[in-house]
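Each of the next two complexes has subunit A plus one more chain, namely subunit B in the first and subunit C in the second.
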Partner chain A sequence: MLSFALVNTLAGFLIVTSQSVILAKTSKSAAKFYSLQSLLLVLIFLVLARLQGAHELYLWSATAFVTKVVLLPLVMLKFFGKLVDPNLEAESILPPAASVALSAAVVILCFVVVLGVSLPGSADIKPALAISLAHFFLGLVCIVTQRNILKQVFGYCLMENGSHLTLALLAPNAPELVEVGIATDAIFAVVVMGVLGTQIFRQLNTLDARALTTLKG
Partner chain B sequence: MLPDLPHLALAGFQATALLAAAPLVSGFARVMRAKMHNRQGPGLLQDYRDIVKLMQRQEVWPPDSGWVFKAMPMLVMAVLLVIATGTPIFTLAPPIHVMGDLVLSIYLYALARFFLSLSGIDSGSSFAGIGASRELTVGVLVEPTMLLSLFVAALLAGSTDEGAIATAIANGHMQSAGAAVLAGLAFAFGVYVELGKLPYDMAEAEQELQEGPLTEYSGPSLALLKWALALKQTLVVGWFVGLFLPFGASADLSIDGVFNGALAFALKALVIFAIVGVLSNAVARVRFRFTPRHSWAGVGVASLAFVFYLVGV
Partner chain C sequence: MVSSSLPLYALCGPLAASALIFATPARRALLPLYETLHVASIASALAVAFKIAADVVGGETLSAYHDWFMVDALGVIFLGLIGIVGFLTGAYSLSYIRHDLHAGALDVKRAKLYYALFSLFLAMMLLSVMANNIIMMWVAIEATTLGSAFLVGIYGKKSSLEAAWKYVIICTVGVAFGLYGAVLAYANSVAVAGDHHAAILWTTLIEQAPHLDPTIVKLVFVFALIGFGTKVGLFPMHAWLPDAHSEAPSPVSALLSGVLLKCALLAVIRYYAVTVRAVGPDFPQMLLLLLGGLSIAVAAMLFYVQQDLKRKLAYSSVEHVGLMALGLGIGGPLGVGAALLHAINHSFAKALLFCGSGNVLMKYGVRDLGSVKGMLRSAPISGLLIMAGALALAGFPPFNVFVSEFLVFAAGVKGGHIWLMVICALFFTVTVGGLIQIISGSVLGKCPEGLAKGDVGFAALAPMVVLFGLVLAMGVAVPKPVAQLIQNASAIVTGAPSVALTAPWQIEAKAERSSAVAAAAPSQESQQ
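Moving on to the complex of A and B:
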């Protein structure tokens, strides 16, 4: 039942959930999709740990569950739930269809890049590595194309999830300390960005990234 | 290669059973709608009564109409019955093998739609003509999604034969499960649009622009068309269930197996039509010029499924 194909399939659904985060109408639903995505990531860690006998990955998945599935979405819901900008009607500069097509193109591109990379473990997880790379770029796409500054925070989180998966695939036996570093890093970043977002909203009464060109306050 | 007797019998049984059950499907949709509106509504068998009533009425043709207008109801019904003999619904293998091909199925539906639209123009009514052009526009918008998602399924199974795809999914012999699930989702969206339900379409609203081609029909022709549209709804759901949810379908031609397959299909169809009923009554109609946005998103999901197939996830 457990196989590298399962890792690849779960990784594929990371792309689907990240599209849901990007296309979500409200920050609240985006936070829920992010939580779902992190749950998928934890599942990937568990399967990888079982397949490769990497005991560090069990610890990783436990800390990732606590920080990314539970804590980060809670922080996001708490900070972002109150911040709603009614004047920001178009969230993205891309229509949904173009966004999905772009993600498909990014996945293909990353797969071509990854074909030349030799993995330390099994070569069967190359698709998953391609997906993790693509996921990083999707986070970048989210930051570039979204006008809502809160959505740009989600873009950062998507990038972070992508790099987390890359690390798990390339260095499954990396010490726990590295992983803790990454996870706490994300929490602090989101808290800082949440505080910044709240301040910006209080001062300028907008969440539109294009409106943030003047110094104020 | 001619089909043998058991396959012909299965094809006949499947087409007859679906034809007989079709008004039940549209009646169920009306019951659901009435319940969600908190009103009494018609009974489950109302559409049978409607068809019988219309069959006894006089046939009236518009003076400007030609042979296409007169032949269309029978043509559409015939095409749909042909599809009913080819789609693997009760069994994993299509009843008549040569009819169970993806490309053939897609274009048989397109043929039915073509005659439906042509008759709208042929009726001589400008209202019906505009309705016909809308019907075709929706068809053009949804076709890429259906084609692309079905091609992904065909690539995964290694054959455009619907039986091969159904067997591969039923046995879990898909190289990449992610691509299969995404293709199934995209195809489900295409099927939903084909059903002619809100928010995109209203198959029963022949007084409205959206279902314009039916405006000028009356009597037995209208009865036949209403029946055909209900059959089409049953068939497209059967198409989706047969390809992407073939669990419970019979692997052989034994009588027990086929009846169990039919029962399994009835259960799956009931669940799907209940979901469709809730969905279509809970949304407002999308303005016609915004429909492409939704359909292009469907194409995006289908192309993502194709990419998943290429990458192998």
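Moving on to the complex of A and C:
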């Protein structure tokens, strides 16, 4: 039985996957969790498409499947698989428990914010909307708390997934070309970051963000 | 709106040149080919920008591809900047890159990459200022970051890679806020306008603005200001800017500071225009005054203490975009017009100085102001041009920056922000001190012994002389077509009748302005 409750439940699982991306021990497993998360996102799109009769969303889910479930994780595995800094994998500023607590705080805050917004047709999907906003900020949490520079790339991808879900929830009939533009940008962003990350690893022999402090003032 | 293919033609030249250079193998013997394609690219961008500008000055708004592209008086100001500054810094690149090749700082593979990315970067900036589709505008602005990241890190040194990484991460994450803002704006616009295709256009958003949800519009403006403000270089999101500007090759620094920051500013201005119509001017203006004022204060102090010439210039950019934000925050036809004029004037002056810093690097090999002395003796023309650029940036008449700074401050005093203006003026005095240091030490000072006399080549000096000509000409008088464009553009932003901006000494035009104000006043009263 398809209902908005299913959308909200699937959205809830997104938070679990993004937490796994943030806490993953290696970049490889983070890439796999990201792929899993994108698959959940595609499922949400499909359910929404069926519920709202939005044909564009079927196209979106196809594009999102190709770009986010398959291509982006492959690009990540190709670039990041070779970059392993034994001293640093997934070293966080915060202990895992604190990281989870922080994420919970972010989610609660976003629920409070979204409750104050009144958009036509958004009453049923408010939990999912709150989660999409929270997801955006969880990406930011990942960037700020992780010392591995590759985790900053994953943080950006989480932020991007958050905006993508908001777009699907609030404007399910947006032109397909818009979504292609956003997805293409995401792929190029990860490629550019991958190439730069590789060059930095070759030059500095580390992935520690704390090593990037030559330029100051 | 008039349908036209010109916006698409503007992209064709740089995109084709970029693709061709990428497709060509990297060989030393092919360098003239890369250079020819590069010149064709920057010349075509300039030519089409001028053609579009001529049409828009005549009062038309061009559109293309289902209205996804749109060039109005506001957009064309920035289009013109990309055309002119892109052409001049592109021309300057020719001798600069040859010098780097000879000096061994670049190999031919990287020189090829430089020219290919330069055109790509230009094309993405052109796309961003001509976009009428709010998501396409975001895509283009994000693509400018991706296109220019390798330009920043092209030397492949530790410091340049660090700068490129910070640039990509901070700007991508920052601009992700812009995407969220765009998504919210679009969702609200669909709910109001109903049409999924039209709702994504700026032109629709402006029309529907009074019907949008005030809470959402405020959220959208905050997201857009954080997002695109990161790329504009406003405090406290400016952290990438000094690193990227100082590590990039000098012509790229000139392009980043002179043009890229302004492309992002255009995005902020477009959201500002929507927000003003939806929730009134108070909310967006308060935020812009706050960020603008803080940017000026922090950047002035950091500018003063820098010893690295290019970092110094980068902090000066933060300060001047702060002044533009201040002008927008003051609002009204005068404040917005002055901010737009300052965007143009700062572009020319800063491009001149960053090219000057390129000459310093070609001549001295370092950027440390402690080692760069006596430019006037070792390279007299470069020395004079840097001196003129520094005086212009310090806000001395008869150069252009004085005119627009004066107008921003005048608008602020008129708008009742007298104390804020006094404080900002004091911070600008600190900057004057820093610029005088550059002149007295690096330009005048005592030339180090053993340094060969003789200026850099004609090819590097010619674009700088043209930039200097623009800095001077815009200082003597605001040209009529430019004044006309700014007047129309500020009317687009504020939605109210606008006034023609002139230099304080343009007496004839001043009389016209007072008559224009008199003519505008009754119509405002009748609206109330």
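The definition used in the following text is that the second predicted complex is superposed on the first by the 210 of 217 C-alpha atoms of A that agree within 3 Å, B and C clash if a C-alpha of one lies under 4 Å from a C-alpha of the other, contacts with A are read in each partner's own complex, and residues count from 1 in each chain.
Here is the rule we use: a residue touches a chain if its C-beta (ideal position, glycine included) is under 8 Å from a C-beta of that chain, and two chains touch if they have at least 3 such contacts.
Every value quoted in this text rests on a predicted model; they were computed, and no experiment measured them.
Novice: Mind checking subunit B and subunit C on superposed subunit A, clash or fit?
Specialist: fit
Novice: Quick check on the superposed pair: does A:F45 touch subunit B, subunit C, both, or neither? Answer first, second, both or neither.
Specialist: Neither: A:F45 stays clear of subunit B and subunit C.
Novice: Could you give the angle made at the Cα centre of subunit A by the lines to the Cα centres of subunit B and subunit C, to the nearest 10°?
Specialist: Between subunit B and subunit C, as viewed from subunit A: 150 degrees.
Novice: Pick one for A:F79: touches subunit B only (first), subunit C only (second), both, or neither.
Specialist: neither
Novice: Classify the contacts of A:F65 with the two partner chains as first (subunit B alone), second (subunit C alone), both, or neither.
Specialist: A:F65 sits against neither subunit B nor subunit C.
Novice: With both complexes overlaid on chain A, does A:F33 touch subunit B (first), subunit C (second), both or neither?
Specialist: neither
Novice: Contacts for A:N8 in the overlay, against subunit B (first) and subunit C (second): which applies, first, second, both or neither?
Specialist: first
Novice: Touching A:I149 in the superposition: subunit B (first), subunit C (second), both, neither?
Specialist: second
Novice: On the combined arrangement from the superposition, state the nearest Cα-Cα distance between subunit B and subunit C in Å.
Specialist: Closest C-alpha pair between subunit B and subunit C: 21 Å.
Novice: Kindly list the residues of subunit A that each of subunit B and subunit C touches, one partner per complex.
Specialist: Looking at subunit A, the two contact sets are disjoint.
Novice: Over in the complex, which subunit C residues touch subunit A? Could you list them?
Specialist: Interface residues on subunit C, with respect to subunit A: 133, 135-136, 138-139, 142-143, 146, 149-150, 153, 156-159, 161-166, 168-169, 172-173, 176, 179-180, 183-184, 186-188, 190-191, 196-197, 199-200, 213, 215-216, 219, 242-243, 246-247, 302, 305-306, 311.
Novice: Going by the contact rule set out above, which residues of subunit B touch subunit A in the complex?
Specialist: 176-179, 182, 293, 296-297, 299-301, 303-304, 306-308, 310-313
Novice: Okay, in this complex, where on subunit A does subunit B touch?
Specialist: 5, 8-9, 11-13, 15-16, 19, 95-101, 103-104, 107-108, 111, 127-128, 130-131
Novice: Quick check: in the complex, which residue numbers of subunit A touch subunit C?
Specialist: Touch list, subunit A to subunit C: 116-121, 136, 139-140, 143, 149, 152, 155-156, 159-160, 162-163, 166-167, 170-171, 173-175, 178, 181-182, 184-185, 188-189, 192-193, 195-197, 199-200, 203-204, 212-215, 217.
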